[in-house]
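As structure tokens, here come the structures.
In what follows, subunit A forms one complex with subunit B and a second complex with subunit C.
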Partner chain A sequence: MARLANLETEYPVLDSTVRNFCASHGIFSAAFAEQNDSSERLKEGIAQVLSIIDDMHQPWLNGMELLEDAKRNKHVFPTGIQGIDLLLGDGIRVGQLTELVGPSSSGKTQVCLRTASNVARNHMVLYLDTGNSFSPQCIAYFLGKTISPSSAQAKNQFLQKVMSNISCHSVFDIFAMFDVLHQLESYLRCQDGRGCCQMRLLIVDSISSLISPVLGSSSTLGRALMTSAGYLLKKLAHQHNLAVLIINHTVGGEGGSSKPALGDSWKCIPHSRLFLSCDRGSNTYNVSILRHPSMASVKAARFVI
Partner chain B sequence: MEIWRLPISASQRGKLISAGYTSLSSLSSISSSDLARELNVSESEAMNILKVASHSRGSETSNASCSIVEVLDTFQWWAGAQSAWDMLHDEESLMHITTSSADLDNILGGGIHCKEVTEIGGVPGIGKTQLGIQIAVNVQIPNDFGGLGGNSIYIDTEGSFMVERAFQIAEACIEDMSEYNRFLRKDFQECKIKMQPQDILENIFYFRICSYTEQIALINYLDKFLSEHKDVKVIVVDSVTFHFRQDFDDMALRTRVLSGMALKLMNLAKRFSLAVVLLNQVTTKHTEASFQLALALGDSWSHTCTNRIVLYWNGNERYAYIDKSPSLRSA
Partner chain C sequence: MGSHAKAWLVEDESAREMLDRVLTERPFLLLPPLHRVPLRVGNVVELVGPSSSSKTHILIQAAITCILPKLWKGVSYGGLGHSAMFIDLDCRFDVLRFSELLNHRIMEAANGSSSKVGCHQKDSEAQFERMKPYNEELFALCMKRFLYIRCYDSSEFLATLKTLHYRLQKEREVHGVNVHLLLIDSIGAFHWVDRGSSSFPLECDNRKSWHLQNVSEAVVQEIRRLLLVHPMLVMATKAVVLGNKYSTNELTWNYRKWSAVDNPYSRNITSSDQQLPYREYMPAAWQSFVTHRILVRATDDDLVNGEHQNNSIYLLKWLLPPLNSLDKFTVRDTGVFILS
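Moving on to the complex of A and B:
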């Protein structure tokens, strides 16, 4: 919220009398403006401030508009893994935050890579990597499996076209991630409305390694950063029609069972949560739903990558 | 973007918010002397705050007006972002560090990968330190023989680095190289081995640390060290968990410190294109009435490395298996 003094250059009605009046009531910025029935001049000033506030928040939508938006923009992307697609009813949804939780080496990165390679055929993908575990060979392998055998050159061209749609960025602390997300937001604002290949999938692998260094100390900054990261991701998902996939890991809970990291405050932020685990011997993976807007919880499935 | 997302100190943040500055746009049109006066801070502090704020805002304003052509270009222009296609080609040209054991190299896909953090764990006495020393020596194999020709950093927390053993390993390595040379290049008489064991030992930078604060300080210092010594290609830490296991009262602090350390090591690996090898101890985990060996420090630590190899005894022989890897199968 801009300070009133700075806004004077844009809106000359907010001259010093208005500002002094506001200052005497403890109003220093537009965030604290309130209605008042004094002189006309002050009323004008306050009305102007309120209209500035109105411009800053989202427009009101009614139910029909939301439904239309959902039908037109909020598609579902299949992950390419049959078990998960069946479990989720066709795949991950645009406009929602999906979280993959699981102990170490339970296949979370593989699921993300598979989904990325599937979505990249027609749309752009951004992969934020904190552990240098983005593997282009895996993506090439998944893509190679899905196309019919043809000449090596055609295959190469196909690989190049699809893999150029995937952009991988390494982030190693949470402030860097905020920077990247803000750049992404301004990029998407320019891009919305153009017909060309648009970004539809954002993967963060893994958000827990970014948040653990700041969470839990005596200041509350860590938790504030965590919730604001969650809200920023949800806002990006909804306003710019992205599907967001994030990876979390598990910590030991009571009685030796594992529970998702990042605690209870994080629990309600993602729209859907999937728990993955791996059977060491047989190389199959189990996935079960912890939370989903439209599927029953505790459903489980198995799959092989 | 909100003020409290900036990396500034808590007291500065408090002053900014109580003076009415809650977002970055409000800081855009004010000079540093005005800001210093309003917040009651020194001029240099105010300039610092404005610098941090404008740095974060700079990326936003530059995208304010863009044409279609620019849009497609700016996507890849983000600092550090690379398309998967480019990365595939980069990876094919990355070399691996051989571990001198053909089977281990096989399951690793050629050796230890650069730009990744590899964790090697095992019971005491299985040879982790030896493996660490071997890797520190092997990285110095010159390019002609398929090595990386780089230096190495050895960080010792337990005091188990024996110089005499390293000397033996270096000698054996050179013998290997000259045999290889004779075997393959019978007609190239000029390719003589110019390396002596002393040279190899000279290129290992050794740090001994005795407490966890020293460990954290060293990792922070490595940033500067690596910018000066660009030839370093591997960092071996033996063992990374030693100072964190006993006598650590505050578990939350331990988690925070460890994950911060892991992120910094990842950052170093990626920026300077080197391999990071962490040696770890094992502990027993009690699950379902049976005892199972698991690497120390628990789930949150095991999440932070890129690859993990576990060494174990089977009868009289040593075995290794890959526990976690983004691109290799379990073996």
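Moving on to the complex of A and C:
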């Protein structure tokens, strides 16, 4: 919070009288002040300080406004995989973080690529890749499966258009991810409302490989970074109407079962968590719900990619 | 001066009148599943539990009970008719789910009153259609009484609390409704971020550094000031990690085992050394501010309710004031349903 003296250039009403009054009450920065004095100038000054503080937090909304925003902006994007769509209730939701947890080669990246190919038909997608797992061939294959037979040239054009909607960035540590996300935030702030093709999906594959190196057992900075990353993703999802898909690994839990990595402090960050596993030797995958915002009636499903 | 002094001694109302007035203006709240202890304005209730243990759901229940009117167009809804404020520090609030639950409560109350008259099936359907515009009007009225804000870090949270007094005054002037309930989802949400940022000192000497303790003290101070001028019931959730004895693994958890283990604790309960089943991480300023504390957790049992519905069963235990009973409840569309 800024010092009152520094704010004087921006808000000339905060001159020395107001500052002296505030100083007499022990207020040196833009904090709450009790209105005891009837002087008009002081009242103006205090009102100005209050409006500065009011700008420092998100606006208050009532239930109807929230509901309208949810109905208008927070759509659902189908992933294109029937089993997962059934579990999630029609697909991944804009404004929410959906986490895919599973051991290695349990189909997590495949699900992300499938979702990306589905969403990229009409919207832009940002894919943050930590392990060089992004594969344009897979995307072309998924698109080719669903496209109706037409001339090779039309197919090519369609493929080009969809592929140009997906941008892939390689990030190899958490600070690079913060960089990219802050750039994305400023880009989206200028972009919001303008243009027909807007960014609607953000995929982080995988967030555990970014966070685990900084997360020691007793390090507070590691957990602080993890929580800030989670909140930045939530902010982007809600304010800029993105659906966020994150991938997490598993670690050994008690009794030999596997549990999601990143510990208990991470549990509070994603809105929905899905656990994926693969049947050995067959092409089918199992998915079950670990957490869902509404009590889901179906708890597990199988799917084929 | 003499007449002024005498004026001081004339009574305003008798004790009975005062009790009547206070009980009507500030009623006791019995919200299921927290029905064992009546709650009043000025109480600070903390719901403690691991992740996914329906804590937010209990808050939403309380909010819906608060915003519904007591009586509206002849139908009794059993609510308080006041506003509720929800400060979302977890940023996971689902407004569509909230509106579903509100709609279910409204329809249940409407159906409840019509079934008392003794209608047939067709009559009740026609009545439902007739009631639809009333229900929508009531829905809009209730939703406007629900105030929501999100905070992405501690400074936004503090800024919200500092300007809350003026916001509440404005609400009172414009809408004429009082705020009765202040809900904070996950008071410990920024715990790690605040702990991490204490290693970055600010330049000036006469400003307090951004410590976890300082932030917590500031929060408690602001809420205290607010409660003096706007008496409200404060309910906050807190995510904790339960100790190994209380893991949800089927092999180790046993309902009877908990109550057997519990007895040694209940015998040794003193106010200073009560063994808690979880590790407390909030600073002492917040801990001493809390007047009521409840522990909720999910069990592995499911209540089979029809072919497709499988509702989990939750356990609830009062830690402050310490009660020996354990409540079982399950969550349904119409609200919380107590099992035992």
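The rule is simple: the second predicted complex is superposed on the first by the 252 of 305 C-alpha atoms of A that agree within 3 Å, B and C clash if a C-alpha of one lies under 4 Å from a C-alpha of the other, contacts with A are read in each partner's own complex, and residues count from 1 in each chain.
Keep in mind that, in the parts below, a residue touches a chain if its C-beta (ideal position, glycine included) is under 8 Å from a C-beta of that chain, and two chains touch if they have at least 3 such contacts.
Since the model is a prediction, treat every value here as computed from it, not as a measurement.
Engineer: Check whether A:264 is in contact with subunit B, with subunit C, with both or with neither, and answer first, second, both or neither.
Structural biologist: A:264: touches subunit C, not subunit B.
Engineer: Would you sort A:63 into first (subunit B), second (subunit C), both or neither based on which partner it touches?
Structural biologist: So A:63 only meets subunit C here.
Engineer: Check the residue A:215 against both partner chains and state whether it touches subunit B (first), subunit C (second), both, or neither.
Structural biologist: In the superposed model, A:215 contacts subunit B only, not subunit C.
Engineer: Should A:294 be classified as contacting the first partner (subunit B), the second (subunit C), both, or neither?
Structural biologist: So A:294 only meets subunit C here.
Engineer: Among the partners subunit B and subunit C, which is in contact with a greater number of residues of subunit A?
Structural biologist: The partner that reaches more residues of subunit A in the superposed model: B.
Engineer: In the overlay, answer first, second, both or neither for which of subunit B and subunit C A:227 touches.
Structural biologist: A:227 contacts subunit C only, not subunit B.
Engineer: Touch test for A:241: subunit B only (first), subunit C only (second), both, or neither?
Structural biologist: neither
Engineer: Is A:50 contacted by the first partner subunit B, the second partner subunit C, both or neither?
Structural biologist: second
Engineer: So which positions on subunit A get touched by both subunit B and subunit C?
Structural biologist: 1, 3, 28-29, 31, 221, 224-225, 228.
Engineer: Where on subunit A is subunit B touching in the complex?
Structural biologist: Going by the criterion above, the answer is residues 1-3, 6, 9, 28-29, 31, 103-105, 109-110, 113, 120, 124, 126-127, 130-140, 159-160, 163-170, 172-173, 175, 178-180, 182-183, 186-187, 189-191, 194, 196, 206, 208-210, 212-217, 219, 221, 224-225, 228, 249-252, 256, 258, 261, 280, 283.
Engineer: Which part of subunit A faces subunit C closely enough to touch in the complex?
Structural biologist: Per the touch definition, subunit A meets subunit C at residues 1, 3, 28-29, 31-32, 50, 53-54, 56-64, 66-67, 70, 96, 220-221, 223-228, 231, 234-235, 238, 254-255, 264-265, 267-268, 271, 291, 293-295, 297-299.
Engineer: Which of the residues in subunit B end up touching subunit A in this complex?
Structural biologist: Its residues touching subunit A are 1-2, 4-7, 10, 19-23, 25-26, 29-30, 56, 59-60, 63-64, 66, 68, 71-72, 74-76, 78, 80-85, 87-88, 91, 115-117, 252-253, 255-257, 259-260, 262-264, 266-267, 269-270, 286-287, 298-300, 302-306, 308, 323-324, 326-327, 330.
Engineer: Hey, which residues of subunit C end up touching subunit A in the complex?
Structural biologist: Residues 50-52, 67, 90-92, 94-100, 140, 142-153, 155-157, 159-160, 162-163, 165-167, 186, 189-190, 192-193, 195-197, 199, 204, 206-207, 222, 239, 241, 247, 249, 251, 308-312, 331 of subunit C touch subunit A in their complex.
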